[in-house]
Structure formats: C-alpha cells, structure tokens
Amino acid sequence: MKYIINPTFDQTGAIFLCSKEIKENCEIAIFGVPFDGTTSFRPGARFGPAAIREVSVGIESFCPQLKVDLEEINFSDFGSLEIPFGNPLPVINEVEKASKKFFSKGIKPLMIGGEHSITSGAVKAAVESYPDLILLQLDAHADLRNNWLGSKYNHACTMQRCLDYVQSSKVYQIGIRSGTRQEFQEMESKKRLINHLKGQPACALDNILKENLGTPIYLTVDLDWFDPSVLPGTGTPEPGGYYWEDFAAIIDVLKKHNIIAADVVELAPQLDTSSISSIFAAKVVRSLIMLLSQN
Amino acid sequence: MKYIINPTFDQTGAIFLCSKEIKENCEIAIFGVPFDGTTSFRPGARFGPAAIREVSVGIESFCPQLKVDLEEINFSDFGSLEIPFGNPLPVINEVEKASKKFFSKGIKPLMIGGEHSITSGAVKAAVESYPDLILLQLDAHADLRNNWLGSKYNHACTMQRCLDYVQSSKVYQIGIRSGTRQEFQEMESKKRLINHLKGQPACALDNILKENLGTPIYLTVDLDWFDPSVLPGTGTPEPGGYYWEDFAAIIDVLKKHNIIAADVVELAPQLDTSSISSIFAAKVVRSLIMLLSQN
Amino acid sequence: MKYIINPTFDQTGAIFLCSKEIKENCEIAIFGVPFDGTTSFRPGARFGPAAIREVSVGIESFCPQLKVDLEEINFSDFGSLEIPFGNPLPVINEVEKASKKFFSKGIKPLMIGGEHSITSGAVKAAVESYPDLILLQLDAHADLRNNWLGSKYNHACTMQRCLDYVQSSKVYQIGIRSGTRQEFQEMESKKRLINHLKGQPACALDNILKENLGTPIYLTVDLDWFDPSVLPGTGTPEPGGYYWEDFAAIIDVLKKHNIIAADVVELAPQLDTSSISSIFAAKVVRSLIMLLSQN
Amino acid sequence: MKYIINPTFDQTGAIFLCSKEIKENCEIAIFGVPFDGTTSFRPGARFGPAAIREVSVGIESFCPQLKVDLEEINFSDFGSLEIPFGNPLPVINEVEKASKKFFSKGIKPLMIGGEHSITSGAVKAAVESYPDLILLQLDAHADLRNNWLGSKYNHACTMQRCLDYVQSSKVYQIGIRSGTRQEFQEMESKKRLINHLKGQPACALDNILKENLGTPIYLTVDLDWFDPSVLPGTGTPEPGGYYWEDFAAIIDVLKKHNIIAADVVELAPQLDTSSISSIFAAKVVRSLIMLLSQN
Amino acid sequence: MKYIINPTFDQTGAIFLCSKEIKENCEIAIFGVPFDGTTSFRPGARFGPAAIREVSVGIESFCPQLKVDLEEINFSDFGSLEIPFGNPLPVINEVEKASKKFFSKGIKPLMIGGEHSITSGAVKAAVESYPDLILLQLDAHADLRNNWLGSKYNHACTMQRCLDYVQSSKVYQIGIRSGTRQEFQEMESKKRLINHLKGQPACALDNILKENLGTPIYLTVDLDWFDPSVLPGTGTPEPGGYYWEDFAAIIDVLKKHNIIAADVVELAPQLDTSSISSIFAAKVVRSLIMLLSQN
Amino acid sequence: MKYIINPTFDQTGAIFLCSKEIKENCEIAIFGVPFDGTTSFRPGARFGPAAIREVSVGIESFCPQLKVDLEEINFSDFGSLEIPFGNPLPVINEVEKASKKFFSKGIKPLMIGGEHSITSGAVKAAVESYPDLILLQLDAHADLRNNWLGSKYNHACTMQRCLDYVQSSKVYQIGIRSGTRQEFQEMESKKRLINHLKGQPACALDNILKENLGTPIYLTVDLDWFDPSVLPGTGTPEPGGYYWEDFAAIIDVLKKHNIIAADVVELAPQLDTSSISSIFAAKVVRSLIMLLSQN
C-alpha cells in the first residue's frame, strides 16, 4: 500500500496468520509498535509484535466460538511502525499519525504493542474521527497516574492521557485489580470501574453497553488483565487475574456492538520461555480481528 | 518378561514410581513411545515418556481421591518401544503389535507418548480384541483431518485414523476447542462432541456411559486438553482448556466403567523448564493406573 | 536494632517494599530463613527470601481488597537469619530463638522461608508466649510423617513436629491434597482436615474460627498450597491446587481474628524463570503484613 | 520473483538484515528449509531459519574482517521452502529443485537449515551444474552412516548421500571430532579428514585449495562444528569444538576461492534461551553472503 | 554517609561482598545505575547492579592473581542511584553529579551499569578533576555514532560523547570488533584502536601506558567485550570476543598505573538463566576494586 | 549382582550408554551419589547422576582420541546409592562402604556425584586397599577449609578430609584458581599446586607422574575445574577455567598410568537449560571409563 508513506512501516518481519496482501480496500489493518521505553519493572514488550506473529501459525484460522475463519476476512498486517527510541512522546505521535491515516481511509486499526503508553496516540486519533467514542480498558492496573518517574507519558499514565481526549463518563475500566488508593478512589467516584474484585465483568459490561448500541468503541487490552498463570510473559504480572473464559464472555457481549479500533499491549515474550503467553496473545488477536470484521 | 521378543523395548531408562518387576501375571503394562516425527509446530514429545518417569518420584503413591496406593497395584513399566525414526506408519505398526501382545495375555496397556499419531495403532489392536469398543478422547484439537502436510498418519489425523476401525457412534470427543470449520461440523453432525465451550463434560459423559455399563472403553488423553497454564509443556497449547478438577470429575465417572486401555500423549517436557507439566502428567498416569486396576 | 545480638541477621541483602528503619517500637518483623537442607525433591527454597524482596518493588503498596497501604504500617525487614548448613535442628533452634526475642518485645514475626521444616521453631516459640495458640496450615501436603529420610526434622515432618507443642484439636490443615493413606487417616480421625478435595475452605474456616474470637493464631503458608500454574516455582508442586481468590477469601475471614505470627515458605524461585511465583509470593507477604497489623 | 513457481516459498516470515527486494538480477539467494524430521537426539532445527533472520537486526551490516557492508551486496532472502512433514526424501527433492532453479539463473544459493539431511539435495543440484565440484564440510560429526534408524536420508547419513554424487577425493571433512570407528577409518583411509583433534584446520585447507584455484566449491557448515559454549543451541552438541577465530581463519582462506553455494544447518534456537547461538549463526551467514559475493 | 544528599541513592537492595559501612574516610565507592532506556536490541541492563551484588557471595574475597583480599580494602557500596526513566540525558547528569561528589572527597568511584550511555556522565566529572585523563575502553562495539535512533545519548554514541570531553589522543579503544565502516575508519585514522582482530591487547596496552606512568586513567568495561560464551547475558552479544585470561593480562598491566575511576556496564542478567554472566561480572568488579585500591 | 546387599542401590533410573548387565566379573562399576546437602551457593548436584545417564545416548560410544569403543568395555552401571538426607557424614560412610565392596572384588569404582564432599569416603576406601595411593584433583577450588558453615564434611572441606587419609606429598591439586589466602599458602608451601594461573597442567603432571609409574591413582574431577562457558551447570562456577582440550591432554598423560578409581562431581544440570553441561560431563565419564579399562 504505497500511498501510506508517512509514517513508515518496517515490513521485513513475519506477518500474522492469513493476512492478505496490502490493498486499497483493506478493512482491518494490523500494525506493531515495538516500544517499551518507559517500562519501569521488566522490559521486553518491544518483542511483542514479532512474537505474536511468529506463533500465529500454531493456532487454527477458524474460531469455534464466533464461527468465523480468518481466511474469510479482508485484513492486512502492515508490519511494525518505525519509531525513535527512548522518549515516548514522539512514538505516541507516530501512532496517532498512523491511526489517523487508517481512519481516514475507513480502515479499522488493530495495534499490537509494545507497552501501554502507545494507546493514547491511537485513542486521540480515534476521538477525532469518532467524537462520541467509548473507551473500554481491560487491564490489571488503573494506569491513572498523572506523572510517573518523571514523565506524563509513562505506561502507568496511559489512561490519564486518554482522559485528556475522551470524557470520563465514556471510559470503562474493567476488572482493574492494582493501583494506588487515589487511583481506586478516582475510578470509583467517577463510576468507571467495572467489577472490581468480584463477579463476572461481562454481565456488567453488557448492561452498560446495551444502552449505547451503535456507539463507536475503542477496546484496549493490556494483556496483564489476564492471570499470570495463563500469561506469565508480561512486564508487571499481577496475581488474581482473568482467564480465557472471561475474555470469551466479553467477546460475546462486544460482538453486538460497533468496535472501530482495538489494541493488544504489554506482551513481553522473552519472560515466558514456554511461549504460552505469545500463543494466548495471538488467540486474543484472532478474536479481535473477527470482532472488528463483524459490522 | 522374556516372552515378549518382538516388538522390543528399551529398558535402560528410568521406570515409573512403584512399578513391579516384569512378570507373567502382570495386570497393567506401561510402555513409552518416544515419537514426534509428524509434529508440525513445536517438537519434543519424544522426551515425554522419560520425563514422566523421572518426576514420578516427586508425587505420593497414595491418591486421596480414589483412596488407592500404587504399591497395592500389580503393574509394570516395560520401558520404551524401540522405533524407527521419521516415518509414522512403521511406528504405528509397532504400537499395534505391542498392544496386541498385551491384550492377548490379558494385560491392560497404558501407553505414554510421544505424539498423538501413535494412538491409532493401539486402538486398532484394542478393537480387534474388543469389537464393541468405546473410544473416549480428551483433547484440545479435533484431530479429524484426513490428511495433513502430506500424510494420513500425521498427529492432526489421528482420530480420523481411529474412525477407520471404531464406528463413529462409539467415539466421544470431549471438550474439543480447536479445529477447522469442517471438523466441528463433522463432530456436531455425528453427535460425537461432548460439551464444547461450556458446562462440565463429566456430567454429559456420565449420562452417556451409564447406558453402556460394562462396555470396554479405550481412553486417549492428549495432554493439551488441559489449560496451557497447568500444562505449558506441549507442542500445540490452546488457551481456554481444562483443569485438574475437570479431570478428577471424569475419573469419578470412569471408575464405574470398564476401561481396558489408555494412553497419555503430547507431553513436550523441554518446553516447560519449571517441570510442572511433567509432574501434572505423572499424576494423570497415576490416576489411570488406578482406573485400569479397578475392575 | 542493636539489642538483638543473638541470633544475628545478615542485612546485606535487599529489603521488602516499604520496610521501615529498624526501631524499638517496630510492630511487625519480617525475617528470612534461607534454608533448604532437607528438601527431598527439588532444592532452591534457600533463594526464596531474596527473591520475594527483590520483586516486591514490582507490586503496589496499596491493597484494594484490604484498603490498606504498606506505607502506613510500622514494619521492618530484619534481613535473613544467619544459619549453619545441612543439619535442620540447629536452624530450627535459631528460628525459635529469634521468634522468642520478637515475641518478648511485642513484635509480631513474619518469617519467609526457606523450606517448611523451619516452621516448628517459630511455632514452639509462639506456644510459649501464647499457650492457647491455634495453628492454621495452608499446604498441599500433610507434612505429618514422624520421620522421613532419616530425620525427624525433615520438611515432610514439620506438622508432626508442631504437634509436639500444639494440641491436635487446635490445629487446622486446610485444603491438604497430598499425603500417605496414614496421614489422611490421621487428619480425618482428628478432624483437623478442612475442605479436602472440594468446596471453599474459607467458609469452613469461618465457621470454626468464629467460635474462637480473639484466640491467638499462627498462620503457616506453604506456597505449594497454591496451584502449580500460579506458583510453579516450588520444590514439590502438586496439581489441583488453590488460586489467589481462595487466599483472598481466607484473608477476608482472618482479618476478623487475632493473628500473632505467620510464615510463608517453600518458594524456590529459580524453578520459575518467568518470576510469577516470586511476585505471587510477594503479594501473599503484602497481605500478611496487613493482616498482622490489623489488631 | 514470480518466475519461481515450483517449488514455492513461504514469504510471510521475517527476512535477513539488508536483504534486497527479489529481482531477476539477484546474485545470491538465501532460503530456509525448516525441517528436522530425522533428528535423533534433540529436535528444533526447524526453527533455525526464522531465528537467524529475527536476530540478524542485532548485528552490524559491516564486517571489519572482510571490510564489506551487506548493504553493498545484491542478495535477496526468498523466505522458507514449503515442505511436507516427516519423511526426508520429498524434502531433499524440493531442495534439489529449488537449488537447480537458482543455479540455472546464475544465482548462488545460500541455504539455511533445518537439519543436515537437506544438504544432499543442494549438493546434487550443484554437481549437475558444476561436475568438478569440491565439497567442504565443517562439522562435529562424520555423517557417514549409510543408514541410520531405518533411513538412508537421516541427518547422520548426509555426507554418505553427498558421496553418491561427489567423488570421494573432492570431499574434505574439516575438524570432525565424533563418529564411529568405521567412519573415522573411512575418512582417514580416503584422506578426507582435515586436522582431526589437533592443529589449525585453516592452514591445512589453504594448502589443499591453492592447488585447486578457481574450482567451484560448495561449503556446508553444520553449526555443531563450533564449540557448544559458543553455540549451545544445536541438537547434538559435541564438546571440544571450534571458535569464531577458527571460522574467521577459514573465511580468510576461502575468500581467494570460488564458492558457488553454501549452507548453514542444525541451529536449534529454542535449546539456547540466551540466543547467543542464533546471533552466532547470523554472523556466520553474514560472512557467507560476503564470501559468495566475492567473485 | 549522610553528607551525600543530592543525588540520592536507593539503599534497599543487596550490597557487594565485603562492602564496609559507609563512612567519611571511604576510599572506593561502588554505586549502581539501573538504566537501559536507549538499548536498541535486548533490554535488561537495568537489572545488572542488583544481579552482580546478589551473586557476589558466590565468589571468594581473595584473588590469587593480585594476592589481595576484599576484606582488607576500605570500600563501600552506596546502593543504586535514583534516576528518572526513559530519557538518557537526566540520568547522565545525575551520574555526573554523583561522580563529582565522590571525586571532590577523594573517593574513587566504581560505577555498575546499566547500559553504556551512563559512562559519559562519569567521564565528564573525571575530566573536570583530572584534565589529563586517559580513557580506556574495553568493548565489542565502537560506540562512536554521533546520533542513533534519534538521540545523541544512545548507548551506541557513548564514546563519541566522551570525546566531547577527553581529547582523542588520550582515548584507547581496546579490541573493538563491531562497528560501521566509518567508525573503524575513525578509530584507525586517529590511532585509537588497539589490537583489532588479532594479537594480545595487553602487550600493546603495556607499551602505550608505560610512557604515561602516573597519568590518571578512567577504565570503562562494556561486558560485551568478552566472548558471548563466557558472558551470554548482555544486550548485544558479538561472537569472537575475549576471555577471562585476556582481562587478567590487562589487569596485570594496569596494576602498575593510576586508575582513578572505572565502570562495568551492559550486564543483562535475565538473558542468562545459568547466571554465569553475573558471576563473571562480579569477579570483574572484584578485580577492579583491588585495582582501584592499589595506589 | 545380588551379593551386594549393603549398601543398596536404586536401580529404577536410566543407565549409562553401553552399560553391561551386572555380573560377577564386572571390571568397572559406575554408581551415582545424588547428594547436595552441604552446597552453600546453588544446590542441584543431586540431579547430576540422572542427567549424565540420560544424555549419554546423545554421544557416540567410540572415542577418536583413545580409539576405544564403550561397547568393548566390561563395565556396569549399578544405579544410585540409597542415602539419607541432609547430614553429610552418613552419606560419606555409605560411599566408603560401597567403594570397599567394589575394591574387595577387584572392581574399579567410578562414582558420579552429587557434591564433592562424597569424595572423601571413596578415597578413604581406596587408601585402605592401596596404601601408596596418589590423589589427583581437578578443581576450581582448593576445598581445603577444615570446617565450613559448621561442618567438617562440607564440600568446601573435602580435600582436607582426604588429607586425613592420604599423605600430603601424594596429593596433587591441578589448576586450582579459587580459594582463601591460607588455602593457597598451604598448597604452595606443600608443593601440591600444579600450574596455578598459567601454562598447561598436563605437562607438569606428566613430569610428576613419570617418576611414579605403576603407582595406583585416584582421580577426582570436580566439574567446576572447567570454564563456566563449557560447563555452566555447576553450583559454584568460577571464571577463567579449563577446556575440553586441557582435559584431553591430561587423559593422554594418564593413559600411561594406573588409575584405580575416579569420580566426577558437582554437575547441577538444572542450572543449564541447554544441557551442554550434562553432555560435557557424559563425555568426561566416557573418557574415564576408557581410562579405567586401560590396564
């Protein structure tokens, strides 16, 4: 797809299972953002996009839950965004630029991180195209610090940055189980926290979303939302997390709604030598491609 | 047990916990088949038999669920079948020969893989001795391809090969969660799929089997049926799997029935440096020895 | 805290998150016991204390379940007890001495193992200060052998050693899922076994403890109580274990009671290269610090 | 390069550092053969091609020994040959077909394995184009068995298969340090063994080759020639091997000669979690690209 | 040592073997800089300081080469510098500040990285105190890029940054084996490259230094100078490196000279699960402490 | 071999490559001692015997250096000695008993550890049969402490214990590179240290031994003598060690002499996930079997 010149994508790596050749009429665009410059605990999320693509050949293209086959979907893997190192802001800006290009062509972006800080760039672009955007966050951590270790763009601040663009009442933070006292107070007072420490988040989410049928939704999946037992390969694992079944239940809710973009972040594949984390993440991406293709 | 000359077993490796000296009146025979020649994704199942035996000293010989101690059971570990490399058919033929020898002496075989392709050899031998055989499959994958990567005997075809010998209505595929659209259609139209994507398979299985009291049963356990979190050391891990409790519930059902042979396949121990996969598999084998000794 | 001269602590290692400077009025004392001399299967528990401290920076100091922040608690990490090698009895004696010093100053000890054999030293000291002590054990294994591999002080005998000091009716063994036939018979006949193989242990525990409001409680947490999927880094992993949610439920029960000391043992961090075991253990320690500070 | 239709290459994976777009006038063609079906000890060589490409971004494109930069060389990475599983002969046939296509267009092939059995296909094609071909083998093992584990095409037979096409006096086996008594006798009696157990093989090689200036040479590099300390990620590591310096000395000799094809085989990257093996192999490939471009 | 207030050090981690309590008359100060924000290939150097300290208990305090025991040396481990994340310049500034404090009190600093970019801060401080400073670099890579991935302070630029403060003729780059064509041209034209690709660098170094007896020397040791077989745990391993013997020979030369500061950088311990890299690095640090204490 | 009743051997594990059935006329006896109870740094040597046997199938039975095939040698693997846990003295006593039994029957014992402390038991038995015994030690560490961490039988004291039985002038400590100042003074003053920090130890050894032709020799090989790069899987790796070539040179010397027993200790296989350490150790054992069979 030569008409996307800036930003540029590195296309020398592996591509996701069943990706189609890049064409004008592409409906969904996968792209990687191999950035982990602000990770405070265990780095390695930069290797996430490559790992997800490489192991994708190990899963089937057919999903028995959604009864769809990837072969039938018109999506392309654009490769990984070329980004500068170290400083997060220029990276977030490139993410915003790329996302805008995709939105302007009617292509739904599916971004693969990299660390969570990149989400705010994509969300900023999404809000510009869809001002009434709902933002759904699956995450172990609140990510609501305004500033962390000297930067507003640290991955621990990413939801606070998104709140610079999306109104608070449009943001739902699902199943957060780690944060400061202040972060929990903010989420609870603003009624943004869904199913903290108990119950099934899919039911609560269903109740909320059915009053917003058709509203465009951005879904950000920080993989540490899942329990460390099923996804050990992430920088800040937090015990007591969710399982595949919980995600499948959320997919069952979301398939009735209008998802216009998504991201999957914080896979640090080298922390898990068994590779079950990467395979899990690839199956999450498979579900999201199908979700994005539903309407 | 010198009267088993062909096929031959390599008895230079470790043996399973509490195995008795090999004698004529042995009731249960464990044997390994260290083969992984058709594995398409991640090889290493060849090391499964050795790993299960080595870690077996790390579990107790007493099972609090079944209230049986391995010490009280007359079983022997025959070592690992000597097999040619690369091509699956000669291996499957050796498995068939060995299984026949055991059945002809009234010994119940418990085979430890190796990859799943070896099951069809044992099932063929079992059907010859027990023409009304029921075949139960615990597996993440349907394994119903007729041909895969140029071979009818690939581990992705093993159930289709078993269906060459066992009638379709006698086969139950329990909790399959990965396959092609065609595989799912076949399993559903033939009513072979038990509890796909929901519910407790043990209940459904109980309902089916109680109408077949006394019918001989072959149980094949592809370890990737279990969730990758409890068993990461397998070639094609599939998120969203089953746990020890689900297996224990199935054992509670099966202990009322006539299990005449079983296998445990697809442990790839080197993919899991923590060894919890091998220990899990050894506990599965312990339960199966007890199950085979029940009647 | 210079007045503790014998036993001595090595304070050259890392310390636990938010630990305060060692002072006279300290309320809770963390100390490590890097001993694994009697481990029969897979050693490495000696590295447990160091690993838990190192990864503690990767979790938040605030607990959303208990709504407490570690910063607000007056606890100190005393470092690791200096111990002789090989023979368990002198180590257990040092543990007893250290625990007595802490009890005599009104400090609640929180011991980090190391293998389980060290618990009997701390329990002996606790009984001396609190003769009506209740002992709660979270563990996969009964640990009731009277003698194992030639020693009464092996980690497989630790509960039998504790029973030398605590009366049997005051001991509760929660969720034990591995042992000899004799061990299970003892636990059942003495009514010490809570929720074996089924149900939620927290409910049963609640019923028992509410008749003992205010009675001093010692809680020993052998980390292999948890499922090997969430805690693979332990010497004798046993499939079919408990999860974070089960522990959180127990914490909810215990926060109404009078915990006067606790230990967390059997983390063998090098068996889990992903480090999720150490992070899990650090979160367990965080909960226990908060529990000990409640009254 | 659409005119290569049969055999087909999978181009969805990563490509080697500085690879140029595939064009008619390409001088050197890299291609992968992800096959390890006959590996008798530790499988995983199938992941070799992908691993070498992925880590190639971690080395510089400039070589200070040869004073060449990869950027200046007209080579293309064609991706990985699509191959059937399990049976080696069809794979070897595909390798032969692909190699012939390259030779017929004046392109020098550089094959990345995969296990060593694939070499005989490439050598057969090379001999057809270059009947006076010299074959140089860097390897720990003689690979001269005529039949192994039931197959003539096992990786332990690969040099015997090459000797079906190349005359014995044209074959040099450099630094072999493992084999049967018979294999060593054959190599020594035929004067094919260079510098066994002592001395610097580069000097001996120089003496031999300088009498054959201009003769076309095929170089096969079994990576287990190197010491397991510098390349632990290989299926049959053999202590007492060679180092980078020894390889550099051989490159210094070979750069004066007419290398027309080469291969690099037996990297099993998952056996080395540090990845130094893959990085080492990538540097070997970098040197070989430069060597192939010299004349 | 309370008089060092800014910059601050985190003293909650482990300390190096035989470190003395921090006092006014300290002669040598170890401090860590856990930074890897500009690492382009494989991150993890941030864990270097902690790993070196933890494994230091596994080596002896006596060095048979130098015949010195650490116990006899008046050095203190100050802990790790508290640094902001992501952006290298503020980190380098903190390093400069800390180094100046040490030089101003007559304490010789020994910095443990962290990535190589931090060296320029320490060198800037050293030049201020010692204007005729000689800078010795042991490294696999030239690190002479002026700008890399958008930053002048990337770890690939660190020697270029040092050349902003030290005159080119005072810099010796020892055994560099990786770089761009331009970097090698610069090193060679400026006569800064010692023993590239051949010979023993210790001899050449001896010849150079004996004409500068007494001149203050800063020694920076990028651990990737060593061969990846002895030190696999580093971000950009480069085959063909140096061994302990080569380092010992350099120590034998340097012990006759006036080393006033040193650093050891680029250990990424998690890339090497065997920990031999950390142990190697700890032994390097032991030698450097002894070297710094010589005069 | 039923006449060896006390001590008993566990024969349920794997056996070494080409081991013959146990018979009266056996010439060489391999036995394992899976003990690591006094290891102060990193345990795991208990798994050494099993690992060496398991990987032995991965090496050839023919040795091109010695031109012998294991098939031609009458040796048997007796399995692993059954030992009590924790306390070293009873273990050393069992080793002594077993060794005496072997010597009394004219069988040469080859013991596989386990940690080094076991050597003193075997040496005590050897001296009783061969009063003029020479003891050769290949080791990184002097092991001459008289007492360590509260025990005279710690693995750091093993040579001091041997010196209780063998006269000092008959002991040669080859290539020791780590110890206390006192240990080095003792070795040097007693002229027991061969080739410390320089030169080729094989030459020096040759000079010493040729004046003792025919004298019975016990050879103890602590695997940490080798460089950690070739043998990372050991408890206390020490940089700057020896390579296969150095060992081969020593074998070339020793094959002219009268080796009557040997041991290979301190392999801790789980510390090296690549298994090159175990394979290296198996090749060392292969050489020693051949050496023991020479006269």
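A few notes on this one:
As written, the chain order gives the labels A, B, C, D, E and F, with residue 1 at the start of each chain.
By definition in this document, a contact is a pair of C-beta atoms (placed from the backbone, for glycine too) under 8 Å apart; a residue touches a chain by one contact, two chains touch by 3 or more.
Values in this document were obtained by computation on a predicted structure and should not be read as measured data.
Touching chain A and chain C at once are the following chains: B, E. Contact with chain C and chain D alike is made by A, B, E, F.
Steps from chain B to chain F, minimised over paths through touching chains, total 1. Looking at which positions face the partner, chain B and chain C present mostly different ones, since fewer than half of the interface numbers are shared.
Taking the mean of C-alpha positions as each chain's centre, the chain lying farthest from the centre of chain B is E.
Counting C-beta pairs in contact, the pair that comes out ahead of the other among A-D and D-F is D-F. Repeated interface: A-C and one of C-E, B-F or B-C share more than half of their contact pairs by residue number, and that pair is B-C. Chain geometry summary: the mean Cα position of chain C and that of chain F are 40 Å apart. In chain C, the positions touching at least two other chains are 42, 227, 229-230, 271, 273.
Taken pairwise by the contact criterion, the protein chains fit none of the simple patterns, being neither a path, a ring, a star nor fully connected. The set of touching chain pairs reads A-B, A-C, A-D, A-E, B-C, B-D, B-F, C-E, C-F, D-E, D-F, E-F, using the touch definition from the header. Of all the residues in chain F, the ones that touch chain B in their complex are 12-15, 19, 50, 54, 273.
Chain D meets chain F in the complex at residues 41-42, 177-181, 184, 196-197, 227-230, 232-233, 236-240, 271-273. The part of chain D that touches chain B in the complex is made up of residues 36-40, 42-44, 46, 84-88, 90, 148-151, 154, 270-271.
Residues 57-60, 62, 64-65, 67, 69, 227, 229-230, 243-245, 248, 273-276, 279-280, 283 of chain F are the ones that touch chain D when the two sit in their complex.
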